[in-house]
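In this document, chain identifiers A, B, C and D correspond to the written order of the chains, with residue numbering beginning at 1 in each.
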Amino acid sequence: MKYSFKNDYAESAHPRILEALIKSNLNQQNGYGLDEYSTEAKSIIKQKIGNYSSTVDFVSGGTQANLIAISAFLRPHESVVAAATGHIFTNESGAIEATGHKVHAIETLNGKIKPVDIQKIIDVHQNKPHQVKQKLVYISNSTELGTIYSKQELIDLYQYCQEKELYLFVDGARLGHALTAETNDLTLEDFGKYTDAFYLGGTKNGALIGEAIIINNENLQKEFGFHLKQKGALLAKGRLLGLQFQELLRDDLYFDLAKHANQQAMKIKNAFGQLGSDFLCETFTNQIFPILTNSQIEKLSTNFDFYVWKKIDEEKSAVRIITSWATTDQIIENFINEIKNLK
Amino acid sequence: MKYSFKNDYAESAHPRILEALIKSNLNQQNGYGLDEYSTEAKSIIKQKIGNYSSTVDFVSGGTQANLIAISAFLRPHESVVAAATGHIFTNESGAIEATGHKVHAIETLNGKIKPVDIQKIIDVHQNKPHQVKQKLVYISNSTELGTIYSKQELIDLYQYCQEKELYLFVDGARLGHALTAETNDLTLEDFGKYTDAFYLGGTKNGALIGEAIIINNENLQKEFGFHLKQKGALLAKGRLLGLQFQELLRDDLYFDLAKHANQQAMKIKNAFGQLGSDFLCETFTNQIFPILTNSQIEKLSTNFDFYVWKKIDEEKSAVRIITSWATTDQIIENFINEIKNLK
Amino acid sequence: MKYSFKNDYAESAHPRILEALIKSNLNQQNGYGLDEYSTEAKSIIKQKIGNYSSTVDFVSGGTQANLIAISAFLRPHESVVAAATGHIFTNESGAIEATGHKVHAIETLNGKIKPVDIQKIIDVHQNKPHQVKQKLVYISNSTELGTIYSKQELIDLYQYCQEKELYLFVDGARLGHALTAETNDLTLEDFGKYTDAFYLGGTKNGALIGEAIIINNENLQKEFGFHLKQKGALLAKGRLLGLQFQELLRDDLYFDLAKHANQQAMKIKNAFGQLGSDFLCETFTNQIFPILTNSQIEKLSTNFDFYVWKKIDEEKSAVRIITSWATTDQIIENFINEIKNLK
Amino acid sequence: MKYSFKNDYAESAHPRILEALIKSNLNQQNGYGLDEYSTEAKSIIKQKIGNYSSTVDFVSGGTQANLIAISAFLRPHESVVAAATGHIFTNESGAIEATGHKVHAIETLNGKIKPVDIQKIIDVHQNKPHQVKQKLVYISNSTELGTIYSKQELIDLYQYCQEKELYLFVDGARLGHALTAETNDLTLEDFGKYTDAFYLGGTKNGALIGEAIIINNENLQKEFGFHLKQKGALLAKGRLLGLQFQELLRDDLYFDLAKHANQQAMKIKNAFGQLGSDFLCETFTNQIFPILTNSQIEKLSTNFDFYVWKKIDEEKSAVRIITSWATTDQIIENFINEIKNLK
């Protein structure tokens, strides 16, 4: 059977998660997120982001995190600005629009957006009230193209949003990978400071399931629990979510897992670099997009699975290779050998 | 610490679930419900309900199951009929209305509804199109009051719905408990035959999380996956849901766990009966509602937790006692001893 | 052809409305409510309600007024409390639920609700966030049963709502009739003072179409225009709405028309009273509900149309008779003669 | 006071509309579109489109027509494809998204879309069910840029939609203008044949208010009245809408008014042509977009109002001039004289 580099959720959970489950299994707990594991996990997260007035809630997946947060934050006539590659714009089956809100898309080269891009959207929506009102900026870090925001870029976005009375919301499905990339200069604390809200992903970084929604802006915190319940996200056994985040974050496990995934990806990136491949965009996280010839793709596909991401021309396409916390050194070695053999 | 009879999700999962998780942990699987465990679990469920043209999908919780199924089945002007005690009417924070649909409530003594009750709702909504159109009947089995439907009652409802072009949808959060009650004469196959759709609950019967939505009516199956995705229910690691249902249903574990919970409840029921207590309604599943004096409630509360459900008069209230797959004989013995001491 | 007492919108518009239309017809005006007639009408209304910080907007119908106001005022998890006879609960095809909000119904004898009724709804929804949050109280004046609120009743409701942080919204489709009833002690100014918002109906009181939404609570005024546009209520030729309210309210026409309708209804009421009929509820506005024998109903139906409203027993039913600004003395005389002949 | 060329709804209604109103004023009619004028108007429209199995309903405005039709036709996971200039995409404050549906935008030069454009959208949304499903194509005729579709273009679009199981819906706010343009080769009958549904605009062609929604596809007709009611579009005095369409369509008034508007626009177009002006796009309806120098714009603005539509460069901008059924020859003469003086 082929080894899959198609995504970072092909394996189940890090063994420490399973151990924690076994250990806590028969402890009776309150339901709906009022268990002691969730309480402890929330406390750890607030400490790590350095913002004790933030709120933390756990949900089962990323689309759910996005749609609940965004629909809870906005009034009916308010819209969202995102990159055209943004998960909410292209890959959530219209989930945001299904809650009643328009998403404006910005075309980008690398999945990242800047104040000037947002301002262009606002400029062509000045005919009030005939045009929808922009109110929330959605970014992903790392982005859907594996790129990351620098500290200055995040601060610039946040200051712009503050000036324009926009909310800044960050999809952190792969925030662990962003924060442990070798070129990163952001910290978890920065996300407690320079965003209105963000979510910290577990699913793609070693958890069975689970994302933590953190709301820094106190105006947005009000009665958030109702939205979780109404959208079907409040799990009776919320302990399952709290326990995992407690385990991932009580020491550096969360960051170690992400860093491992990044490092494995970088090894592959170097191998393609030595082969002379170009890349769709330069990334330092666990997603890389080398541009390969059709023949190279065919050869590599014999033993490995990955997505052909984008056709470049008749001869070449960019492929997407994703590594995870579970990608072993042995697998990397095997794959690099095959890359070398492409010469 | 007190032992809690407040609900049937105070403990985490049956040990066999955890063992299956450990065993399968590093097997790479496709995401979003296309893993081999989900495939196998779906196959088992179709076989058990005896309806191979049904579809099966797994979601993380009951409110999610209800809101996705109902909103997928209905057009915007169609409404739902339910018991006033129905979970969707009272305990889901307006989740169904949030998808745009009105829920009509029927007052009942025991949480169960009959064709004649539904017909009354329809009769007073004949001024079309000024009044909303009833299209789906929602029942729970076992109900929120622990009662169950007989085979004849289900068939009567289904035939009535067929005649009136209504869908019959069953909330089976505790369907296992209903089907293993000593007074039950329904089978899982009956639910494959006499409903348009239903869900089979895992959360309250030994799973970490998870409910299986089964759609029998082929008209309602079309493109259901989009609705799962759009509402945030399509988990990247859908394997977590599939694996659990595979483990619960590959033999009789699912039914054994429910039966155990019921039997433990019946022992408690007998003890209260011997004490001379009345009950809010007669139940044979894992929920019982004895009516106790204030002093009895106070004494029992010293070592045990349970909800005071409904005030009967100044002297007495009905309490709710719920047992689970994890309620041990020792706990039951201790509790019964305390009941005996109430004399 | 029979004369219809079925409703108060069987005729088109008061002649002064048509004259105003003709006179202004070719004056060029700005679109979307920015015309000079709308501006003037808004100014007149603010003056009449004695609240210059209120906002006024015009829409084409009552269901539209209700659904836009309510959905604009509420966050997704908030619900509405109304009488079971309330127009939004029974006669708007689920319009409020279609915007995502639950409506709780209170059973009443006369269509009116009191703080104690609302409090009962709140009391059984204390399990947060599992149960929806009540946030807006909807009343109609006159009610769907023709009854009216007294000043003290309105003040009691408003004070209760203020205490409980609920909004009080009044459906004034027939507010003109309420304010000109002989037993009324409320003024238009009271509605500017003791409500968060209300609408003043034109359709049922001599306009071609049109209702004026008045928002007193400044927190609810913000960006209301977006909601009007988004729900399709912002007419390009908003002048049509403004002009009519200007004409109806620039002197006492609006109240004269309503008073006329009430007086015609009272004549009929007296005639039924002399006949010895009972009434479903006692009303002093343009709707009356005499209880007649089947034979009386049959005889009256020869020359007049009206709704049989509610079956009382095998022998008798309550009928609904509605008069309007256009009901002539001659018609009343004819009808009363027929009533007398029922003896 | 300046004469306004800003839109085609600056004046109120054609005098024949007002005469019809006066004549019918006191005839009692059934409410909610069941009046005899609406019945007659529906009959006339079905005859004119040559499709007696079509349904016709009247609503008060264009945004309302669009949002009700589109939300009634689609299931929750289905989306709309439109030109980026499409009214629903840019000028309706997110009305379509507020009903839960995504709108995909196609960039165009002239406001018109082709099958190949739609196919590109479909091609990049093949990852089901992660991406929303395209189901309805929205076009405007005339477009928001004043251009029109040819018969072949409409047939091509319809055939493509049929093949792909997409609905074709036409926004006909200015369909009268399109059908009377000198370059037009389409008829009203073609819209009864080559669309699933469309609306025929009254507001911008001499009515006080009102648009007629025509549904040809019988699958889409089912229970449409509920949607009208639920969205607040079913007017108690529906007679107002029916009467106007009866008057506009009982002879050729509707087309004469549109043709007049077009001819007045063409005179202005010629005058700008003789001046040597370029145009943003070539149009033959009542909207023209000449490109003028800043100085020309300033001079023309002394006595006439119009929108500066799009900045071309530092020296020039395109302006939008709209004529209407009410634009007199005298006004045209005055305006042309001023254009000539720009030399």
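FYI, a residue touches a chain if its C-beta (ideal position, glycine included) is under 8 Å from a C-beta of that chain, and two chains touch if they have at least 3 such contacts.
Not measured: the values here are computed from a predicted model.
**Student:** Does the subunit C and subunit D pair touch with the same residues on each side or with different residues, judged by whether over half of the numbers are shared?
**Tutor:** Result for this pair: same.
**Student:** Measuring between Cα centroids, which chain is at the maximum distance from subunit C?
**Tutor:** That would be chain A.
**Student:** If you average the Cα atoms of subunit C and of subunit D to get two centres, how far apart are those centres in Å?
**Tutor:** For subunit C versus subunit D, the centre distance works out to 34 Å.
**Student:** Just curious, how far off is subunit D from subunit B if you go by their C-alpha centres, in Å?
**Tutor:** 51
**Student:** Return the distance between the CA-based centres of subunit A and subunit D, expressed in whole Å.
**Tutor:** Those two chain centres are 43 Å apart.
**Student:** Please set out, as single numbers or ranges, the residues of subunit B touching at least two other chains.
**Tutor:** Answer for subunit B, listing residues that touch two or more other chains: 76-77, 92-94, 98, 100, 129-130, 132-133, 226, 229-230, 234.
**Student:** For subunit C, which residues count as touching subunit B in their complex?
**Tutor:** 76-77, 79, 90-94, 97-103, 124, 127, 129-132
**Student:** Could you list, by residue number, the parts of subunit B that touch subunit A in their complex?
**Tutor:** Spelled out, the residues of subunit B in touch with subunit A are 1, 3-4, 7, 9-13, 15, 18, 21-22, 24-31, 59-68, 92-95, 98, 203-204, 208-209, 226, 229-237, 239-240, 326.
**Student:** Could you list, by residue number, the parts of subunit C that touch subunit A in their complex?
**Tutor:** Spelled out, the residues of subunit C in touch with subunit A are 32, 71-72, 75-77, 100, 128-130, 132-133, 223, 225-230, 234.
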